[in-house]
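Please go over the structures that come below.
The two complexes that follow have chain A in common; it is paired with chain B in the first and with chain C in the second.
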Partner chain A sequence: MEFLKDLFLYPGFLFGFVLGGLLEGFKRKLKARMQLRKGPPVTQPFYDLSKLLLKNITKPYRISSFTYLLIPFVPTAALLVGLLIMPYPFYQEKSSFSFDLILIFYLTELPLLSQIIFGYFSNSPYGMIGAARAGQMFFYYNGVFIMVITTLCLLEGPPYSFCLKSIAEAWDPLDVLIKILTIPFFVFSVLAKLKLNPFSIPDAEAEILKGPLTEASGVALALFKLNYLLELAIFGSLFAFFYLPVLKTSPTIGLILILLGAFFLFFIFALVENATARLRLSQFSALYLKFLIPLATLILVITWVFKNW
Partner chain B sequence: MVKLIGWLLTNLFKKPLTIEFKGKSLKAVRGTYRGYPTHRGERCAACRLCIYVCPSDAIRIEGSLFIINKCKCTACKDCADACPFGAMQFIPRLIGTAISKNEYMEITEIKLVKCENCGEPMPKPELLLGRLLGKPPKTIPPYLKLCPKCRRQFFKPT
Partner chain C sequence: MFLDAIKQFLRYSQKKSLWVFHVNTGSCNGCDIEILALFSSKYDAERFGIKLVGSPKHADILLVTGPVTTKSRDPLLRAYDMMPKPKAVVSVGVCSLSGGVFAKSYNVLGPVDNFIPVHVYVGGCSAHPNMILEGILRAAQILCEEEELWSF
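Our next item is the complex of A and B:
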């Protein structure tokens, strides 16, 4: 009973869904206001989802409907588990999970993998191009993300355990400096993970329609959108855990800090999305190979040297 | 780049340039907006004149159901002009987005009476009389309560 409450109410489904939807709506509203538009209401993602649930499924010819619905459903379950293994206030005291960052990293990759599989499975040329692009991008930004995670988990000192809770509790002056240095890398890798504007290469609108999700419709598309909202909630709160003293204060203030951090991250995203245009795949890989991955590695080495002297 | 970000941030505190859609309220458009047809089942005689005149095939009758497809309707008002009983009316009501296709289908039931002898559905006699006399009738003669076939059987012309 207690577990079901966790799974469906507070750190689980409802919390992730509402937070993700509000973040997406907030981002769209901010983006519109920066372009002097009025923008949709903040609750627009929920309207979209509820409307999609009522729509008919139009699927390509000769494709099994079981697989069509299973592919988007698997990452939904994975992301729910991903929410459960984050040390949210009011939840982390009673939880028996170990808040493993590697597990969170792995579970948040599943939506993208499912989209790639869906793109190839749906037999659509747009889907295949989108899936191929997503598959190529995957290696670059995850390199940076792994560097950021590794740098942060060096902060706690040996034995290194990749535990999110101990990263969130590391607040020495040197730790703060290193954390601030890793913020741009985190933002860039999450931008690419969420396929936001300078890196919206896999689902480039007006170019390859909706990328891997071109053939998704009805409940399947609703599930993909739900996955996206849950991902937004996870990355927003991950930002707060990394860079704000969430677990150092009382649980209520910690929760408020998580929300503030998440909304601040999406403010940055709205700014970056408006200020940049979509890159080509070659420009993207050059940016990551020439600048971001070497710099992230440099910070990792510097951190290791400082921590072991 | 820095200049652009500066513009974006200052834009946040400006008023949006969006101009509101003028036809948001019905009052603003009442003078020019004709609206969409609605059907009144109790005045319909199922004569199918509206189906005959409709240029866009938006109306059809299935059994006793009268169906208007608002997706096809061009609001030309030919049906309302042709209807002898005033069963088609135009109401200036705005229609917006809908969740399903059925929301654009207006389905009403045609209220027909049954012949007293054989039970065959037929239009209301007071409708026909009203059309004939120009005013609603006080009493309805008994032969009008029968369908045309039965009428010929019982009241043979001498």
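Our next item is the complex of A and C:
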């Protein structure tokens, strides 16, 4: 009973869904206000999602309905587990999970993998191009993201662990400096992970319709949208755990800090999305190979040297 | 009763979230430019939840501009078939209503409603963005309230 409450209410489904929807709505509203438009209401993602639930499914021929719905459903379950293994206040005291960052990293990659599989599986040329682009981008931004989380795990001196809780509790002056240095890399890799504007290469609307999701409709599309909202909630709260003293204060203030951190991250995203245009794939890989991955590696080495001196 | 309330809410959200797919069946691009203006910051259709989508499989409303020509008939019918139900069609501009200045050309087959059912007609050459916006919102009203469209 307790576990079901965790799974469906507080750190699980309802919390992730509402937080993700509000973050997406907030970002769209903010983007509109920055362009001097009025913009959709903040609750717009919920309307979009609930509308899709009642729609008919028009799937391509020669595809079984079971697989068509199973591919988007697997990452939904994975992301719910991902929410459960994050040390949210009011939950981490009684939880017996180990809050493993590697597991969170792995589970948040599943939506993208499912999109790639769906793109190839749907037999649509646009889906295949989108899936191929997503598969190429995968290696670049995950390189940066792995550097960032490895740097952060070095903060909690030997023995090193990828426990999110110990990273969130590392607040020495040197730790804070290193954490601030890794913020731009975190923002860039999460921008690419969420396919937001300078890196919206896999679902470039003017060129390849909607990329891997071109053939998705009805409930399948709703599940993909739900996955996206849960991803937003996970990355928003991951930002707060990394860069705000969430677990150092009382649980209530910690929860407020998580919300503030997530909304601040999406404020930055709205700013970046408005200020930049979509890159080409070659520009994207050049940016990551020439600048971001070497710099992130440099920060990792510096951290290693400081921590072992 | 509880299920009815949920269903009512889902239908209400259909009215608030309209994804539009745009097909040009041979117009002079005048109406297409007005449709693009509709999504710019001056007219801002996004404030009603209207979004231009790239794939007909995501769309609720089909915007058709221009008279149907011999070459564009099959793509139009295929795009219409690909849209999931419930769906509505808005024909934009006088050419899609009657053929306009292109009527009786050698390759023009006729207005759009000879081929697919049209719910809202928006006249004008070219149609004004505010008129297109009103057309889409009326189509949303029809989409939400017409029982016929929900029988599938």
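Criterion: the second predicted complex is superposed on the first by the 309 of 309 C-alpha atoms of A that agree within 3 Å, B and C clash if a C-alpha of one lies under 4 Å from a C-alpha of the other, contacts with A are read in each partner's own complex, and residues count from 1 in each chain.
FYI, contacts are C-beta pairs under 8 Å (C-beta built on N, C-alpha and C of every residue); 3 or more make two chains touch, one makes a residue touch a chain.
Model, not experiment: these values are computed from the prediction.
Once the complexes are laid over each other on chain A, chain B and chain C cannot both fit and instead clash.
In the superposition on chain A, A:51 makes contact with both chain B and chain C. Looking at the shared chain after the overlay, A:209 reaches chain C, while chain B stays out of its contact range. By the touch criterion stated above, A:37 is placed in contact with chain B and with chain C alike. After superposition on the shared chain, chain A has more residues touched by C, the comparison being chain B against chain C. By the document's definition of touching, of the two partners only chain B reaches A:271; chain C does not. By the touch criterion defined above, A:218 lies against chain C but remains apart from chain B after alignment on the C-alpha atoms of chain A.
Put simply, of the chain B stretches 77-85, 95-103, 113-121 or 149-157, the part that bumps into chain C is 95-103. Of the residues of chain A, those at positions 32, 35-39, 51, 54 touch chain B in one of the two structures and chain C in the other. Listing the residues of chain B that touch chain A in their complex gives 1, 4-5, 8-9, 11-12, 14, 16-18, 99-100. Per the touch definition, chain C reaches chain A in the complex via residues 7, 9-11, 13-14, 16-17, 41, 44, 46-49, 53-55, 57-58, 60, 81-86, 152. If you check the complex, the residues on chain A that touch chain C are 28, 32, 35-41, 44, 46-48, 50-51, 53-58, 126, 205-206, 208-210, 213-218, 221.
Residues 30, 32-39, 51, 54, 271, 274-275 of chain A touch chain B in their complex.
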